[in-house]
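A, B, C and D label the chains in the order they appear, each numbered from 1.
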Amino acid sequence: MASLKRWVVVGVTACSVLALAYLPPRGATASGRSFFMAQSRQGTRARQRAQALADQWRGADAALRLLRARREVQELLREAKAGTSLVVVSESADVTTAAPPIADSAIHIAWRQLGLGETKVRVAVIIQLAIVSPVHDRPTIEAGIAAYLAPDSTDRTTCIAVLPSGNYWTRFFRGERRDGAPFAFEALVQTLKSGLGPCAFYAAYGTPGKSVRAWLVARGWDLALTLDAGARGPYGNSLIEMTDRRYPWFWEAVYSVPPTAVACLASRPTGCRAAVLAGASDDPSIPFPDLMRIDRRWGRVPRVVEGQRFLGDVARAVGRDRFLNFWTTALPVDTALAAALKRPVGEWTADWQSGFVHPIRLGPAPPLGGVAIALAIAALAVALVGVTASRRQVR
Amino acid sequence: MSRLLGLVLAVSLLPSPLRSQDSLVVRLRRQADSLLGTWREAQLLADVADSLEQVRATAGSDTIAVGGLRIIVNPSPLPWREAAEHAWPVIDSLYGSAAEDLSRHPYIFRAVDPDSGVRRTVLHVGVELPWDLDVRATATLLLTTVNAPRFDAALADWLGSGLRPTLHPQSERAAVFVQLLTVPSEAVRACFLGDIAHCKDVLQLGDSIGLLERWYATPAEREALVASSFTDYFARGATAPSLQNCRQHRDDACTSLLQSLPPGSLPRPLAHAARILLVREALRAGGRDAYRRLVARPSAPIRERLASAAGMDIDSLVARWRNAALAARPKPLTLPWWAGFAAIGWTAFFGLCALRSSRWRL
Amino acid sequence: MKVVIVLLAIAALARPAIAQQRWERQVQERVQRAIDAVATSSRLPVVKRSGMLNTDEAASFSTTLVQGTSYAIVAVCDDDCSRLQLTLLSPSGSDLAKERNSESLPILHFHAETTTVYGIRVVMEGCHWNPCWYGIAVVPLRKIPS
Amino acid sequence: MIAMFRAVLYSEWKWSRLVVALGTVAAFAIPLVSLQGAARADRGALQAQELLRSVQSWGTLYPLLATALGLLMAIAAWAPDHRGRHIHALTLPLERWRYVLLRFGAGFVLLAAPIAAVLIGSSLAVLTATLPPGLQAYPIALAVRFAFAVLVAYAVFFAVSSGTARTAGIILGVIAAVILVQVVASIANIDLNLFGAAQTVLLLGPGPLAVFTGRWMLVDV
């Protein structure tokens, strides 16, 4: 017994020393260290500031461009024949010209593929061609960032989209790139289809009710970027969907999204609900003019994985009438969305999310089946030993 | 009362909104202009900051000069000089007189603690690498980061990769030999058997008309190509029926599918190692100025550039390339000198273990 | 509310220049049919207004009604509109008459005692696909000699 | 019977007290160390992502510790009997199956100390840490999982080490045969993936060893 006490004292002392050494946790500031060994080069502080200013200028320039575009769009619509709901022009170095024929036909195909004909809210698309020879007196236009002006900031029936086409498509439009034309054209249709963004929703379902619109504005329309994303591809669009979960970088990708989105990946209705309804407010406010700037560049962190197609999928799931009831509702967003889905928002979203990413397991809890089988095997092993021991003989 | 106000407002505001919009435009324009001005100043400052950072990052660093190589590195246990002395002759033998131009673009490296847990300062300039590399690894790093002088896009497109020196020319040749022997293409087979015209075809030195039929001559090759490389690509959309027909041995379907591929995306029968070997042979044959001649006329057809670099007609160059590849037939499996000793050593070790086993001590 | 009115005004300015859409044509036809249905014997002109509103938005305009004349004030809206409210306002802004029961075709009958400027307000109480077009016609029926 | 259990417990404690003591200290230390990145009131916290990365990597030590404890305790439970060729056990006035249960029970009672250490260590660590918003701690779930892992490892190794050298030989032989079949199959280009199948059956989903695999996250979303 004395020896037992001695060992207990030794153990408790060792643990107390450890507790004194490590509690409370030391804390640390973020190292910013890359997951990979060698870090990639970063701009200096001054360069980062210049880039931030460039981004602010792009925002202001896009807003200006949109507001200026309203008058030009009025002209175009005046000239357009009755029933025209989509007009397209291109712009290069602040000069507006007719859209390249290939872009015009591609966007009209995209329009038809989205099931849009004559719509209450018209859409005017301005394809911003890249300036091929680089200019140094102003920031270059980023291809992945599009800007939109809501109908209430124009004539109430026209949504304007400014889509920078980037070097690749600009050269394609100018006939400098025709490699694999049929496939490139298909890709162009898809690019312009997703480029229509919020304007496609305005065209399909009209102007949303105040609560829904304020919710989407507060979130930067991240849940309504693609009206019809089509069938779920085998590979998905995000790193989380592309990465094999046996590898550590799968979890790097998972933990790079906000906690509510991670919880939603684990099929937790509360997390899904919080991730989807973030931004919904009881006192909705909408800016005027209602300018939307949407960044589609690779690497941006989504609030919900595959969120860009969320409302498109909701619309397809519940049907046009129920979706329109939600879209134009005067009720709070959560109530209206639950009514349209006929299910709690969290549960529906958890099911929808699991269609893209097989639910992940959070925390240390082991799979219940595994525990049961493990315990059964443990019991079996002990029973086996019991049986063999009863047969044991001394020879 | 508020209704009256609303009514009055409605009437009074009818002409005003565009005015209010115009003032907004003016305000936005002013904001954009001032942002643009600030951005221009910030750009100038950033350029200065970058150049200062360049100076700061290289201050207290050693500059190692070996031949045309200029390497600026922070103090570290890395064997830079030995590595540069290994790398320079290889670089010089490839680029010849053009290698001297490399001295205008010094390399900046920062050696860091390989322990990924150690905090490091942010990298603004140069390339980071762990300081525990040996001479060979460091030399390989220098060879793989060297930029070919005046290397043009046309040459890069044809080559399908960069043109860099190698420490393993023999294994590169051996790889080409294996390709010539094993690639399932009649054209490559003909090239292997000595048909120089087919060699030029598979190296894409001729015109690009009818490339598909010349690279993949038989229906079986074309079907195999679709099946092995493009099943997923053609399985969706309008091309799906043609894919089905192709799988049912309909050559017209396979050919039309492959012809619909973007130019440049038809898989080359020979991987880029074959083309790199051809360029190396041209440079070896052409002497120290061969590389300068190779990059002198980027607009000229590749075959002419290679011929002028090698100083011989293209057929002779391709024949030389083929001979170099055939001469590199990989050696059969041989035991390294230490294998015997290792086998005996391990046998002895386990034998001793067996003798010390407790079962002998009962 | 102010923003809405501002926006309405933008719409009012911009709209006529642009090629008409299906819904707008639909409303114009309905207004005309309503005017034809309410047989007018007066020489006074029929006042027409049209525009578009999102759900729960309102628009107002003013018109002069002539003393001793009976008027039918008719409002119509497009197929996506389920309920429209029509109100006649006195110059002081107080409600004189309100019609909210007949869902998408409210009609007010009013006899003007004095010649003055009256307000007419329309509220889009139900629109399934925003915005919904509406049209209003102020039709003088007959002048009753006093 | 209780007196008998106490005797067995005491004898097993004598044979394995070093293992138990070291295991307990290690089990107490791992959660403390794994949460060092978390914030204290007067210090900044790691980004959630980095904290979770560190918790995840430290988490791999729990199943290793559980396996090691199970193995060493099982060996300690049977080694003296093997040395004495089981004569002592066979001479006891006790059914042999009861004797086995007493041995197993005594071992598991001793293993309760490391399990309790994990619970106490992780509770202390999470109570004194300030976690980034959106994250929560799972000290009880972690301790329960550790208990399961220890129990399974102990039971399996208890069975293996209770056997004779012949039993151990058979087990090793079976493993060697599987490896051989796999090697031959891959040489003969036969589409047979025994390792993959074994991994799926044993480690993934509800496999018997699934309790060891996966992520042992003391802190997670």
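One rule holds in what follows: a contact is a pair of C-beta atoms (placed from the backbone, for glycine too) under 8 Å apart; a residue touches a chain by one contact, two chains touch by 3 or more.
Bear in mind that the values here come from a model prediction, so they are computed numbers and not experimental data.
Asker: Return the chains common to the contact lists of chain B and chain C.
Answerer: Common neighbours, chain B/chain C: A.
Asker: Please identify the chain with the largest separation between its CA centroid and the CA centroid of chain B.
Answerer: Chain C.
Asker: I want to compare two interfaces, A-B and A-C. Which one has more contacting C-beta pairs?
Answerer: A-B
Asker: Of the chains shown, whose Cα centre falls closest to the middle of all protein Cα atoms?
Answerer: A
Asker: Could you tell me the distance, in whole angstrom, between the mean C-alpha positions of chain A and chain B?
Answerer: Centre separation, chain A to chain B: 32 Å.
Asker: Nearest whole angstrom, what separates the Cα centre of chain B from the Cα centre of chain D?
Answerer: Distance between chain centres: 48 Å.
Asker: Can you compute the centre-to-centre distance for chain A and chain C, using the mean CA position of each chain? Integer Å is fine.
Answerer: Distance between chain centres: 44 Å.
Asker: Rounded to the nearest whole Å, what is the centre-to-centre distance of chain A and chain D, using the mean of the C-alpha atoms as each centre?
Answerer: One centre to the other, that is 41 Å.
Asker: Using the touch rule from the top of the page, what residues of chain D touch 2 or more other chains?
Answerer: none
Asker: Two or more other chains touching the same residue: where does that happen in chain A?
Answerer: 31, 33
Asker: Among all residues of chain C, which ones touch two or more of the remaining chains?
Answerer: As it turns out, chain C has residues touching two or more other chains at 7-8, 10.
Asker: Would you mind writing out the residues of chain A in touch with chain D in their complex?
Answerer: Checking each residue of chain A against chain D gives 3-4, 7, 10-11, 14-15, 18-19, 22-31, 33, 35, 248, 251-252, 255-256, 258-260, 262-263, 266, 271, 361-375, 377-379, 381-382, 384-390, 392, 394.
Asker: How about chain C: which of its residues touch chain A in the complex?
Answerer: 3, 7-8, 10-11, 14-15, 17-23, 25, 52, 54-56, 80, 127-131
Asker: Residue numbers of chain B touching chain A in their complex, please.
Answerer: Residue positions touching the partner: 21, 24-25, 28-29, 31-32, 35-36, 38-40, 42-43, 45-46, 48-50, 53, 112, 114, 116, 119-120, 122-130, 237, 260-265.
Asker: Write out the stretch or stretches of chain A touching chain C in their complex.
Answerer: Going by the criterion above, the answer is residues 74, 77-78, 80-85, 118, 120-122, 151-152, 154-157, 205-210, 288, 324-325, 328, 330.
Asker: Note which residues of chain D are touching chain A in the complex, please.
Answerer: 13-14, 17, 20-21, 24-25, 28-29, 32-33, 35-40, 42-50, 52-53, 56, 59, 85-87, 89-90, 95-97, 99-101, 104, 113, 117, 120-121, 124-125, 128-129, 133-135, 138, 141-142, 145, 148, 151-152, 154-156, 158-159, 162-163, 205-211, 214-218, 220-221
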